[in-house]
Amino acid sequence: MKVVECKDLTKVYGRSNALNNLSFSIEENKITGLIGRNGAGKTTLLKIMAGFLHHSSGEIKVFEETPFNNLKVSANSIFIDNEMSFPPALSLKELLITAGSFYPYWDQKLADRLFDYFSFNPNIRHGNLSKGMKSTFNMIVGLAARCPLTIFDEPTSGMDSGVRKDFYRAVLKDYLAHPRSIILSSHLVEEVEDLLEDILLIKEGEKCLHMPVEDLKEYAVGISGKTAIVDEVLSGKDIIFEQSIGTDSTYVVIKKDGSQKELEKAEESGLELTAVSIDNLCLYLTSKTTGGIDHVFS
Amino acid sequence: MYLAEVNAWDIVKKQYQYKLQSYMGVFTSLIVIQIIAILFSFNGTGMSGGGSSTFSYSLNYYSGSMILIFTMIWGLITAIIITSKAYRYDDYSFITNRGTTHTSNLLFLLSASIFAGITVLLCTHFIQVLYIYSVNSESVMFEQLTIIQNLKGISGTILYIFFFTSIGYFIGSLIQISRLFIFVLPVLFFGAVIADGLGKEQSMIPHVIKFFGNESSFGLFILKILAASALMYGFAIIISKKLEVRP
Amino acid sequence: MILNSNSITPIYMQIAEWLETEIINETITSDEKIYSQYQLAEMFNINPATAAKGINILADENVLYKKRGLGMFVATDAREIILKKRKSTKLHDMVHELVKEAIQLQVSKEELVNMIQQMHVKIKGEEQ
């Protein structure tokens, strides 16, 4: 069963499109990373999934229902970000108990353990927490709710690196014990790539690609060497990134198109082939020009 | 994957509990406002006097109407506050949709109105007791009310307050649609009052007050108030249908 | 073992290689049950689908076999298969690199063979 299904999803803000004809589907019990630059439309997409926002046109189904104003979707999904608001009258401990009264699969024991592990003061108010502590508390709510669709929007913002690591480990461990669909947005791919099964990369509201992380690692290849030789190999290739090194050398990233022989030939002619990290690949794929920041200064 | 089936009424009950707990400030403000109203009432709402060469008298009227007016305004403002973003978004941190949010808000405001109605009555009695101790008791006279009259009085009070919460809820929802209403509504209101005063005979405001206040049949009064409140809540629900959360 | 996310070798290949090493070292012997994808995911902090991919590579090479409902087990001749494979691929590749480098550095064939022999003696000697 598909957990999320979008068809030509578009969201218009004023005159610009935050999302533009986005089509994809997410299968159940996968951890999917939603990756994109700032302003690519990640948060808008996730808020539409959670039923917070309307979409302008196209179609979105979550659990085969339109999420906006849908109680079933609300009960089976949770949207976690660092702007979650809680009533100032309730203490952190009371908030956890309230959350438990709402969510049918809530695990109070897990919530309490994480709460103690991160040494929260049970009597403090949510509004008095620091940014990082807020994110940590919200993450506890998100994990303990055990919703069939758990959405984390930039969950680690403000967390220190120790808590980040703990967070990702906690997500993985709880996911192994209780598989469910998790969508995690981030602009730091490196941090999350091991945790993910699939990556959904978006750029300016449009889908860039959607594939298993492991396939993405073999999606492209980096070639470096003398510019003249590189240019020869490049004819008819899909260039993702290009950078000149020194006066007569070039580094290019091209999409692998299965012709292994050609690559071997390139290697024999003195070019160096390297793998491209997912982090860099995502950056290259979502940058506006193939030349990067260097183009500004040239 | 097992999807939880949820019952809307179940969620409403949970939200209602959640709101009773988290909107405690609403009740604190009520108490503060009623204490202030008591202080105002202490001066009396009316005075007349007279005398001759041998004696003089003064007559002071005291009533709880000041407390009721203050409480109605409290109801109006409370309802406006509840429709504000901060309160609305709190719901969306847990399970909800617009239907359950409105229903639990309505239940909460009804409960708050009942509580406020009862405290209005208590405050009125409190003023009477204060006078007995502060003034020579022989000179204090009470309107004697039967139990039925008392019950009618209290339910009437509650309904008035509830009606005002419904107006507040409508106003609050309008403001959520567009911030412009923060300016438009007061202008409309005071404009109407002033325009009304300019004419030869005042028409609108007294008519409205008469329509609700001078109804001699209690049953009809209930019907009028409830219908008007339902209209207000209905409008509020309709206009907030498309409101987005944390856009 | 800590996985190297920045390595050219994909994570699932690293998992497969780690399992192979465990088998070569006889930490896990024939007909013994191998770690499940969930155990591997937990051990290496990776997505279970990635771990499963690593296991599947070994299953495709007949290093592992599946028992219905019980999981993956080490084949009887697993060690031989791995050793043979490593000789023909990994060692072959390394020699390829070595010879390429030697040619670039203008090291003669005799010189290279000499170096290999010396190194062989040295490492063997250290081991004993």
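Per-chain residue numbering starts at 1, and chain names A, B and C are given in the order in which the chains are listed.
The working rule: a residue touches a chain if its C-beta (ideal position, glycine included) is under 8 Å from a C-beta of that chain, and two chains touch if they have at least 3 such contacts.
Here the structure is a predicted model, which means the values were calculated and not measured.
Q: For this assembly, give the contact graph shape among line, ring, star, complete and other.
A: Drawn as a graph, the chains make an open path, so a line.
Q: So, comparing C-alpha centroids, which chain is the farthest one from chain A?
A: Ranked by distance of C-alpha centres from chain A, the top chain is B.
Q: Quick one: chain B and chain C, Cα centre-to-centre, how many Å?
A: Centres of chain B and chain C (C-alpha means) sit 77 Å apart.
Q: Could you tell me the distance, in whole angstrom, between the mean C-alpha positions of chain A and chain C?
A: Here the centre of chain C sits 32 Å away from the centre of chain A.
Q: If you average the CA atoms of chain A and of chain B, how far apart do the two points sit, in angstrom?
A: Inter-chain centre distance comes to 48 Å.
Q: At least two partner chains per residue is the criterion; list those residues in chain A.
A: Residues of chain A touching two or more partner chains: there are none.
Q: Which bits of chain B are touching chain A when the two form their complex?
A: Touch residues, chain B against chain A: 1-6, 8, 11, 14, 17-18, 21-25, 86-87, 89-90, 92-100, 241-242, 244-247.
Q: Using the touch rule from the top, collect the residues of chain A that touch chain B in their complex.
A: Its residues touching chain B are 1, 3, 28-29, 47, 51-54, 63, 69-72, 74-76, 83-87, 89-90, 94, 98-99, 101-105, 141, 148, 180-181.
Q: Under the touch definition given earlier, write down the residues of chain A that touch chain C in their complex.
A: 30-31, 168-169, 172-173, 176, 190, 193-197, 212-214, 217-218, 274-275, 277
Q: Give the list of chain C residues in touch with chain A in this complex.
A: 3, 5-6, 8, 10-12, 38, 41-42, 44-50, 53
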